[in-house]
Amino acid sequence: MSQAAGPILSTLIALPLLGAMLLVLVDGAREGLIKRIALAVSCLGFLLSLIVYGRFDPTVAGMQFVERVPWISSIGSSYVLGVDGISLPLLLLTTFLSPVAILASFSGIPRRLKGFMICMLLLEGGMIGVFLALDLLLFYVFWEGTLIPMYFLIGIWGGPRRIYATLKFVLFTMAGSVLMLLAMIALAVLHRSTTGRLSFDLLELIGAAIPFGLQVWLFAAFALAFAIKVPMLPFHTWLPDAHVEAPTAGSVLLAGVLLKMGTYGFLRFALPLFPAAAAAFSPLISVLAVIGILYGALVSLAQDDLKRLVAYSSVSHLGFVMLGIFAMNLQAVEGSILQMVNHGLSTGALFLLVGMIYERRHTRIIGEFGGLSRVMPRFALCFLVVAMSSIGLPGLNGFVGEFLILAGTFRVHRGFAILATVGIVLAAVYMLWMWQRVMWGESRRSQNLDLHDLRPREIAMLVPTILLILWIGLFPNHLLRKMDASVTHLLGGVRGATSEVRGVK
Amino acid sequence: MEWLLFVPLAALALGTAAFVILLRNPIYCALALVGTFFALSGLYLLLQAEFVAVVQVIIYAGAIMVLFLFVIMLLDVGHEPPPWLRRDRPRLLLGLGLVALLVLELAVAIGSWIAPGIRGPYTSDYVNAVGNTQLIGRLLFTEFLIPFEITSIILLIAIVGAMVLARRQ
Amino acid sequence: MRGAGCGVRGAMTGTVPLSAYLILSAALFAIGVIGVVIRRNALIIFMAIELMLNAVNLTFVAFSKFLGSMDGQIIVFFVMAVAAAEVALGLAIIIALYRNKESVNVDDINLLKG
Amino acid sequence: MPEPAFFVVMLAKIAVVFGLMLLSVAYLTWLERKVISDFQVRLGPMRVGPHGLLQPIADGIKLMFKEDIIPEAADRAIYVLAPTLALIPAFISFAVIPFGDRVRLFGQSIDMVISDVNVGLLYLFGVASLGVYGIVLGGWASNNKYALLGGLRSAAQMISYELSMGLSVVGVLMLSESLSLVRIVGAQSKAWFILLQPIGFLIFLICAIAETNRAPFDLPEAETELVAGFHVEYSSMKFAMYFMAEYANMITVAALATTLFLGGWRGPFLPPVVWFLAKLYLVIFLFIWIRATLPRFRYDQLMRFGWKVLLPLALANIVITAAFVALR
Amino acid sequence: MSHIWPMFNQIWLIPVIPLVGSLVVGLMGRSMRRGSVALIACGAASLALLASLASFWRLLSLPPDARVLRHSLGSWIASGELSVAFGFLFDPLSATMALVVTGVGLLIHVYSIGYMGEDRDYHRFFSLLNLFLAEMLVLVLADNYLLLFLGWEGVGLCSYLLIAFWFERPAAASAGTKAFLVNRIGDAAVVVAMIWMILLFGTLDFQTIFTGAPATLSHGSLAASVLSLLLFAGAVGKSAQLPLYVWLPDAMEGPTPVSALIHAATMVTAGVYMVARSAPLFQLAPVSLEIVAWVGGITALYAASIALVQTDIKRIIAYSTISQLGYMFLGLGVGAYAAGIFHLMTHAFFKALLFLAAGSVIHALAGEQDLRRMGGLRRSLRVTAGCFLVGALANAGIIPFAGFWSKDEILLAAYASGHRLLWIVGALTAAGTGFYMFRLYFLAFEGESRLTPEAASHLHESPWSMRLPLVLLALGSATVGFFGIPPESGVFHRFLGPSFPVSGHQGGSAPSPSGIGLALAALVMAGAGILMAFRYYLRDPKEPEALAERYPTLYRILVHKYWVDELYDDLVVRPTMAGARFVSASFDAGLVDGAVNGIGSLLGSAGALLRRLQTGHVPAYVLSILVGAVVLLGYLAFHG
């Protein structure tokens, strides 16, 4: 099952970490060298992940490239890595966005660039770890691991209210993840009571027969931790603050990848471990998701800060993903995984673009802008493509994901699907309303007249993202085929257990 | 015959103890305390604990009280103003009440706990035979070696601390 | 004065029972506590504390004799060592306090007020 | 309850020792002035009695009838108490010093020590440490700055050297494996400890001199520096007591030196008591000799010598003896 | 020439060529000369026309009942049992549409060379125009709903970008946004329809759906009608029918060739095409057919009424478009699919002509669009006036011109299918159309000139590149009607017939006597309209003001376009914005953040409370220790 090509997954995680170590040795003043090293390391990571993508066998349902090394054997936790159809796209998204984010931070980082790059690489290592870990404790370690660099990224290089924002971000996530840890331990202990072997290995725990009552509680704990991260509706207030205060690169990774850890967590852990509870919770979470979609879109309509607007749009987009996951059928889940990647690309690109305007005008207030299309035509073109992709224009990546989710959800919760479709309209409303005030109309400020258009570096960041957006929009099958086997396997497990809860069509 | 020694010594101890907390001039209190130490040293002798008795005299009377005298003399602490008892009456009453309660509890404890049998191996005649100090020395360097070493460290810390705190900046 | 004369007077001739010692040390301890609570001069409070320590030492030695185990005396030895250390530090503190407060009256020393 | 005879013997021994002590203290003053005058090639007290033999009694009477002035602001109770406090330790420490072997007198076998306590040496150190009270309280009670300073200084000096003295004796303990002086003297049957513990003896001697505030170490009550130190306000009988306390201490320390290092009453031919007194006289002569020759230490030299030289030396001595004992 | 091409079945080329043209012009346009930009753009359009003609020619060579060309470029989305491909279909219906789109498109491309001559973003205009052609062709040639939807939204995007072409003008920017959002509402309905079809049929392919429809959806069932109505809702959004028509009048902010191509000939007809394409579904739901017919009719009358009093030349033509679209839906609604599409084709010609003529008038008057400041232009803009007249006649539906045949056929079908009331509505609208078209003609081209002096000086006939398309379109509007004679069985209908399910009342016979009577009645109504316009606007110009005083309320209602725009603003736009602000402030910032910060401050105050315990008073501490000891001892003593 696992291609014998050496611990390729461990190298994937270790590479950025080693890069960070290397950077530590470099003298802080030589910023050019630091930038080159960071970029090289993350590009190498991307190449490596392409190799994994190339050698990935789509017909196999289970985990591939599995590595297993006993870690803390006393409590049965071992260092287990593996990738399957569900985590592969997210892995690629992470390794793709990291170099882009690093490239974005070549300018606009006023001080301590070395520390910044180190945090970025550590963050990348942590994120890759989250998507590859198959042992609950290892997953938890990486899950918390990503918090620390993010804390520094926002805390040190953030905007004026960064301390408040970064504390809120960390406390929110910690509050949830503590419960998750509790649930993990409970699960492991329960597993030991039935099978006599204490283990935190996911594949082993999936089989554990857990009484429905308990399953609900454990699922609730996991769900809370992931819901905060997604973010689902009541727990979302940290996101806009975190984004507004985070530096551009931080925002790109925060929106691009960190949010997906929540939805990935649902798919990888919450659903397979507690299928019956998941089915029972599905209507509630779907309702929250739909409210999230409409609420996110509505609130972003009223925002006057670009980053805050994009942040709330993330709440709306991820509402779609959650809706897809909890529709629990092949189309919806594949759609949601694809939508995770799409959201990563389009929102990541949006943040890059907002970052570029911020670097030029040092403000994000929409009222300050106007008529930028005249002044920055190339920027306008890129912004148009990305905005349209985030609205879900057919032919671009956003539509494919959303359509699959809606088609899948329509099967199970017909009303929610229709409400979600209304979400698509609202999405267009706030995006175009922003577009009209920022890009069109007469330029309300004199400074808007002499803004220079995209530089080669900025183009180098955007073009690959836009190409990917078009590629996924027109040929999504390349990714979809990779997911089929794993998603059917996952849903098979879930449907098997939920059949006694309620008959699923 | 033991009672002949116990009663006066006990009376002496209690008397001087009372003086320690009642007298106004700190020097007299210190001397009263020295008196108590001697009374206790006598009691230790009664309990065939010669080593402890002598060490009591050396450490408490010889070293600690000298330190007290030094400090009292150096600081030239004035007398407590006469009506010190009557000034903060509520605190006084509360304190006495609590102490009464405390004594009551101790009495109950002592009362309910009478005359244990001999349990340990070191009966008094065995101790006389071997010699109290020899025994203590042997135990001190075998069974209680670690506490002994730790005490030495405590003393070192105390010396350094005292020197640092009292040094005039 | 107190305690010593209670009920056991009858056994004048026998050896002094353990309870006599315990009562004596309890009394001493009580006097110590009263001293600490009532007095306002830091030094006197310090002496009262020494008094309480000695009351405890007495109990230890009494038990050591009546229980036939040397441990009591050894612990007394350690208590004395620690008491010496404590007095050294305590007096150093009092000196430092006196130097900047011109008084050792406990009520004046409230720098640690919250 | 031991039989009454025991009490009689005990009282007798105490009376003998106490009487001898008083007498010897008095004549010690005389001896000292005679010896020092010899060193300084002069006659010394000659007028009162043959060769001034009655001089001590004369001094005693003089001091007795002098006017006893108590400073007005002094703390009367302690002012009066202080001299006795200084005197008591000197005398009571003789209780444990054996000045002779077992003697059969009036049908009883009496051993020539008042009470053989098995923590004898510790008892001595306990008592020695009490000596400080007399001096400190005296200095403080006389409400005189110089007295107070002198008192504190001499107290500090005594405490410092008491420490080294204690440690120097540990070597002897290790060899004799007992705290009781009788057994220590017994242990010196083969060889006096002075031969086995030369450094120990030397340190003990120096500390002894310092302990009694004599000769090179008598800065605190040196007449020229601090106007006689702590007993500056004292007069007549109380002053006499301090004086007696000083000499009594000197005798006690000398006796201690003889019992610990010079084999106590052990000697080939002469009866034990005679050996004891001879050695005692030898050590006292040594003290007076030192007083006559060595100049006075400055206070900081004195303290530095005590802490930085004697103490390490004593510790080293202990270590060497311990090694020697362990190897044997 | 025809024998070279018979083997040409690469129908996917038709949309791809303009797409390539658009990319080339779009990306490299800035560095190219204007001439080469125009060359590439028009070249791509003409190639697309040639390809369509070739495919059309190949289609004719096939036997009538198997006239379908298919070509698939491979799978687009395949997840679970849903599988959607880039499949293209070329049957008579899409052939007509393709020909109309490419034909009119090419002419407009040529026209806009002149019209946009001195515009700074010359290359961006042509790039978007080509992109529009490509998206429209994808829409028209798609063989499944999803690909159709791709074209559908693509066209919406192009109209958005082209309406707001001069984006510096705030009015254009908001008009663009408004157009896209209103279309988006219709698109949402289409999405719901599509996901429902996936649930019902498992696929979005036309053929499988239409063959399987009668089996899965029983005739007249609720599901069938709701599904078809959803599709129709999309059409309403795209083809600017009541209630979602508000974006079209504002769309006039865009350049005139855009209005001509997108808001007259092609994009707005996409809705009609989709309904026609989904005819088998609509056949299963007579209820929704009724609704389609009625919505069409009412919109036609409604738009015509507003057009009566408008003063902006382009807005009048815009309302006329809405009205004519109403006619088409009326035709479809009554089951005369062929008639509807025939009207669509004829309308494309004369409406494009009208717009382009208006364009050349505006071009001549340097941007002046208000009728009140025009008049007597016939003398100086001879060709434009002539062509405009032909267009007006065709639009009004006068006998020889195309408008008559297609409009009349719809009215005939309406009457024949028993919708008598609808026929009356249709006839009234015809009268209205006659009136406002000729009111416009007389006010603009006849009578004395009311031009402002500098407009008059600037007056000049537009260059040949603008006039040639006008003349060609005029010829088209005049002659294209003849394909439809006689109604129901003309050349056009026989060609188009097979792609529609046999409609209920296939009146294949020669026009019945009542048919001719009805046609004459419609013609009389149109003529009456024209005469009234003549009387009011030419003979005594004061007459219209008098009329306005007599019916002041009616006049005000019409002038303010029934206050629909303001209504929408108050009912929809303002509440959503206020709602958004309210929710964002109160719920998000207030409730949730409040709770979170609340907890924070709670802990802070608890800490402050505890701090007061530290009195710093030593005896107090002693007492507390003592109390502790007493309590502990008490417990041990009494419970030990």
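Here the chain labels run A, B, C, D and E in written order, and each chain numbers its own residues starting at 1.
By our rule, a contact is a pair of C-beta atoms (placed from the backbone, for glycine too) under 8 Å apart; a residue touches a chain by one contact, two chains touch by 3 or more.
A quick note: this is a predicted structure, and the numbers were derived from the prediction, not measured.
Traced through touching neighbours, the fewest hops from chain A to chain B number 2. The chains in contact with chain C and with chain D alike are B.
Put simply, the chain farthest from chain B by mean CA position is E. Of all chains, the one whose mean C-alpha position sits at the greatest distance from that of chain C is E. Chain A has its Cα centroid nearest to the centroid of all protein Cα atoms in the structure. Two chain pairs, B-C and A-E, are weighed by contacting C-beta pairs, with B-C ahead.
Put simply, the C-alpha centre of chain A and that of chain E have 38 angstrom between them. In whole angstrom, the spacing between the mean C-alpha positions of chain C and chain E is 101.
One simple way to say how far apart two chains are is to compare their mean CA positions; for chain B and chain E this gives 104 Å.
Separating the CA-averaged centres of chain A and chain C is a span of 68 Å. Residue positions of chain D with contacts to 2 or more other chains are absent. Residue positions of chain B touching 2 or more other chains, listed in rising order: 51, 55, 63, 74, 91, 94-95, 98-99, 102, 106, 132.
Within chain E, residues 619, 623, 626 each touch two or more of the remaining chains. The set of touching chain pairs reads A-E, B-C, B-D, B-E, C-E, using the touch definition from the header. Touching chain B in their complex are the following residues of chain E: 619, 623, 626-627, 629-630, 633-634, 636-638, 640. By the touch rule above, chain B contacts chain E in their complex via residues 91, 94-95, 98-99, 101-102, 105-106, 108-109, 112.
For chain E in complex with chain C, the residues that touch the partner chain are 611-619, 622-623, 626.
Listed in rising order, the residues of chain D touching chain B in the complex are 1, 75, 77-78, 117-119, 122-123, 125-126, 129-130, 132-133, 136-137, 140, 148, 152, 155, 159, 178-179. Taken in their complex, chain A has these residues touching chain E: 168, 172, 234, 236-237, 295, 298-299, 301-303, 329-331, 334-335, 371, 373-374, 384, 388, 393-395, 399-400, 403-404, 406-408, 410-411, 417-418, 421-422, 424-425, 428-429, 432-433, 435-436, 439-442, 474-477, 480-481, 484.
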